[in-house]
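Presented sequentially are two complexes of chain A, the first with chain B as partner and the second with chain C.
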Partner chain A sequence: MTPRARLAWFVLLVAGPAFVVFGELGFWLNGIAPRETFPLDLGVSSLAIASGLVLWRLRPENRTGLLLGVAGILWTIGGIRAYRNAWAFGVGQCFDGSQDLVLAHLLIAYPSGRLGHRSLRVLVTAGYGLFVVGVLETITMDLPRRVNAFAVWHAPALHGTLSTIGSVGAGMYATTGIAIIGRRWLRAGYSRRRVLGPVLLAALFFALAVAVDEVVQAIVGSEPGIVFFPPLVARLLIPVAFLFGLARSRLDRLVVGDLVLELDASGAGTMQAALARALHDPGLQVGYRLDDGDEFVDSEGEPLVLPVEDADHAITYVGRGDAQLAAIVHERALLEQPSLIEAVSAAVGLALDNERLHAQLRNQLQVLRASRARLVRTADSERRRLERDLHDGAQQRLLALGLALNMLRARVEDAESAQLLAEAEEELATAVSELRELARGIHPAILTDQGLAAAARTLASRSAVPVEVVVNGGRFPPAVETAGYYVIAEALANVMRYAHAGRARIEIREAAGLALIEVSDDGVGGADSRRGTGLAGLADRVGALDGRLVVESAAGTGTTVRAEIPCA
Partner chain B sequence: MRTTVLIVDDHPSFRRLARRLFEEAGFTVVGEAGDGRSAVASVLALKPDLVLLDVMLPDGSGIELADRLPPSTAVLLVSSRSADDLAIGSRRFMRKDELTLDRLRAVAAGAGE
Partner chain C sequence: MRVALADDSLLVREGLKRVLTDAGIEVCAEASDAAELAEAVDRHLPDVVIADIRMPPTFTDEGIRAAHTIIARHPRVAVLVLSQYVDADYALALLEDDDGARGYLLKDRVLRIADLTDALARLERGETVVDPELVDQLLRRARVASPLDGLTDRERHVLSLMAEGLTDRGIAERLWLSPKTVETHVRHVLQKLGLPEDHTRNRRVQAVLAYLQR
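Moving on to the complex of A and B:
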């Protein structure tokens, strides 16, 4: 705390209670019975000064505490009207109600304590203009100077006009305040409402009470003896709300201990939820920085693009030393509780580092998985291209050659030459046939053209064992269809080689975002996916698409090979 | 009267040799097309008795094109792939390496009857 602030703190600490005593005891010193509002007056001013001092002590850079303390002191100055002294009356009369102007300033500037927008600065300045009106009212009062030392200009008509201006101005100021507070409440998120809620509600009540008070005074007049309590209660609620918010903020920090215990007890992936609970921000996000570079990922290792900070969201970076470990994206309102964020950040440091390592590992797994899927897709694409090249290139040339040989043979009359040409045609036909089988093995064209169901029927038609094909659903993504095709082809090959089956069945369907491709037989069973490379290779291919291959093959019960591949 | 033929295939060398083969087999080749779009235009303009239609065309499937042609036009689907790789169904199909003078002469004789 700077020496200047320390001096101001001391003055307020001494002057505040002195004003309270001086002002409120003025009634007794002058033999006047305490007013009905005395307990509330005393409570409001004392509480406002005390809570203002506490807030100012905790957050000296924020003007909220200072303004609250000043409002409390002005309240007591207004009270010295009761002291039987013309100067005390004049001063008290001038300052009567001025505490409301400071309270309005405080609430409009809340929570930063600063009036950010120009329009708000104009509004508050205009509000302080009502103090000048109050002073002019005091000067123009129709009272002798022995009662009011400031009554230098007896002008009852002007006094009445000034009273009306004061009342109407106060009413308008209060109404504008209601609109500002209401708008701020509506625009606030959960966390902001939680932080600002008590003060904003008290402010709303205060503004409503003042507005209604002005209307009542306009109707029935401000006769002595008529006391409208709601504004007094509302003024009392404002410091109470500030203290409540302060106490809750302290309690929130106590929760940090529970947070550490919770993180110790729970596994990885719970950091975000725990922080959201501790900081009362359901929309909170945690991004973990990867070791290599400036990229962030979420707890699942998914890349996370941090949002741009705006009026609603802010980012707090948490680190160790110079190293940034994570970024917490939270509601901007939490910046009003920097000590809470600091406490939480410090408490979760180790767990955060641990969580970050988990997230990094998951990210690496995802990168690996994506890389594997990419490899499979690339390989499939290369196979399709190769098959197409064979079909369009060598195969077409051989076919053209066959047509030419066929026509040539029809022209040759020499029997020996015709025989040689016939042999050449036969060799060529064999070459074309082998090339066709090779191309089909590289990639079945029917899969690309007609889809998995048609390709499965073709495989079934070539099988030596009767195969029933049941299809329920449309086409799947190309990578899924290709994997499914190889599952069916390998499973049917196994049926023919090992199963000694009487029949087999292919079922293709979609359920819950999964492509289910199943080949079952009524053979001897006993297949082991760990033996040989056929089923293991298929499991790898299916796994590359985030799917899984299930082989059920108890001895004597047949074999079922089922691929479950995400296709949504 | 000789049967008229339109040859539809995207490989020029195949079209050239197929034209000679058909002509030697006794057909009259009235035109050639390299893709499905020009095939449709040629069918409508030339009204051939038979369309030799490649299953895989650069702009689509020959099978689907065959279903869109007028019913009065006979279609013989051809491909270097075998029928069970293509889901040909009940349509008339011949592998390209099965196109021989003897077979075409038999077709021509059947068409003339």
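Moving on to the complex of A and C:
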């Protein structure tokens, strides 16, 4: 704190209340009954100056504290009118009510302390215009100059007009204030309301009270605040609201201690919820930075694109030393409490690093899973391509060759040659049919053309063990059908090889977003997914689609192989 | 007999054309995909269309879809689909509607030209044709306690010929039996399997195939 600031502190802190007391003393010394508003005035100005100074101290760059302090000082000036001094009266009269203008300014500028928008600057400037109106009222006042040193221009009519302008202006100003602050309240998010709420509510009450007071004055024609009490109370509420807000943010920082305990007790993945509670921002998101690069992921390891900072959202980066470990996306209002965020960041440091490593691990797992799925997809599409090439390339050529041999045989007259050609044709026919079976083994066209149910029926019809096929539901995504097909094919092959089964059953159905593909038999059981590569390979294939392969095969109870694959 | 050929492989198309011509069948039009085929059929009105099941653009079951389109426009034109697949579902998809003469043969059948010309002749007479290998596979299928077990060998044979699409008369010729005897066998088979008896043409074949596929 600079020496100048310290001096200002001192002056304000001492001068404010002293001035109020001094003003009141004026009445008392002159044998005038004390103002009924004295205790309120004393309280209001002291509170306003004190809380203004505390705010200023905490946030020197924010003008709110300064303005609050100035309002507190201005409050006290009205009191010096009682000193039976024409100059004191004039000054007091000029500044009477000016504290409300400063209060209006600071409330409209709250919480940043700056009047962001041009229209707000115009409004507040016009508000200060009311001070000029007050000065002109003092100058044109119908009082002798020995009472009011400023009464240099005797113009009762003009005074009346100015007084009306002042009242109407104040009423309009208050009404506009209600609209602005009301809107701000409605648009504030949860944590913003929590932070700004007390002051906004006090401001709303204040503006409402002033507006009503002006109406009452217009009807009753009395001095401000004398008939209608609420404006005085409202003014008192404003510094109280500021102090309340300060106290609450101190309390919030105490909650940070609980946060550390909470994070210690709970497992990974709860950081975001804990932070949301501690910072009172239910929409809060935590992004963890991956070791390599600038990408962020959530606690599940899913890539997280940080939103652009805007009027509602801000991002706070948390780290250790120079390393940014995480980004907290929160409501902008939390920036009003930088110390809270700092405390939270410090408290969660270690837990955050753990959580980040956890998120990073999950992310790597996901990347791996995706790459496995891609590999399977690539392999499948390669198989499809190979099957196509066999059908549309090699097989067609063999058929053309066979047709040519056939024609040739019709043309040769030598019986022995014709016999040889006939044998060649037989060989060729066998080759074509073997090629057909080979192509089917690589990828059955019926699977893509007619679906898993049809392909399963064909598999069943080729099985040496009787197979019942039960199908419920329509087609699944191609990858699911392909995986299901290989599950059925491999399971049926196992039934024939090991199960000594009398019958088997294929069931294909959909339940709760899962494709359920099940092959069961009544054989000897005892199958083990670790034995041989068949079932293990199937488990990999099903796993690549985030599904799982269940093998139930207790000895003597038959074997059930079931793939559960998400298909929604 | 006038035939239109559709196959995206020029080699196969040319080979087939020559073999058919040698066998005394006139190839009046050729096409390399379903759209060309439809146009050729409109123009030449052949007796039978021979179409590969896989044609551009997707190389899946264009042949079957082309058959439905052609028969819808020209009910008197028969369609023979040559397929690489021994799957009853494809044959059943081809036989879906009752009208028109349709045939489903494995493509290797073109290497046994007599089988092919026989199928063409049957189709020209309005019969249905299903590849014996497909029927054979369905009949060989492992079953638990099926009504098929209650069929005599003769009835079984009749059943397979029914599945191939033969008429009662065709079966009689093949088995050297009187049509009346065949009729009796057919009735017994249908009764034993619980299939309705009023089946005609495609529908009888379809019902038998579907039964065998179960």
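Just so it is clear, the second predicted complex is superposed on the first by the 560 of 568 C-alpha atoms of A that agree within 3 Å, B and C clash if a C-alpha of one lies under 4 Å from a C-alpha of the other, contacts with A are read in each partner's own complex, and residues count from 1 in each chain.
Definition applied: contacts are C-beta pairs under 8 Å (C-beta built on N, C-alpha and C of every residue); 3 or more make two chains touch, one makes a residue touch a chain.
Bear in mind that the values here come from a model prediction, so they are computed numbers and not experimental data.
In the model built by aligning both structures on chain A, chain B clashes with chain C. Shared-chain residue A:D392: touches chain B and chain C both. Contact with chain C, but none with chain B, is seen for A:P466 once the two complexes are overlaid on the shared chain. By the touch criterion defined above, A:A400 lies against chain B and chain C together after alignment on the C-alpha atoms of chain A. Of the two partner chains placed around the shared chain by superposition, chain B and chain C are both touched by A:A429. Set side by side, chain B and chain C differ in how many residues of chain A they touch, and the one touching more is C. In the superposed pair of complexes, A:G502 makes contact with chain C only, with no contact to chain B.
On chain A, the patch touched by chain B and the patch touched by chain C overlap at residues 391-392, 395-397, 399-400, 402-404, 406-407, 410, 428-429, 432-433, 436, 439-440, 445-446, 449-450, 454, 457-458, 461-462.
Those residues of chain C that touch chain A in the shared complex are 8-9, 11-12, 14-16, 18-19, 22, 54, 59-61, 84-90, 93, 106-108, 110-113, 137-138, 141-144, 213.
Residues 388, 391-392, 395-397, 399-400, 402-404, 406-407, 410, 425, 428-429, 432-433, 436, 439-440, 445-446, 448-450, 454, 457-458, 460-468, 502-503 of chain A are the ones that touch chain C when the two sit in their complex. Those residues of chain A whose C-beta lies close enough to touch chain B in the complex are 391-392, 395-400, 402-404, 406-407, 410, 428-429, 432-433, 436, 439-440, 444-446, 449-450, 454, 457-458, 461-462. Within the complex formed with chain A, the residues of chain B that make contact are 11, 13-14, 17-18, 20-21, 24, 56, 61, 80-82, 84-87, 96-97, 99-101.
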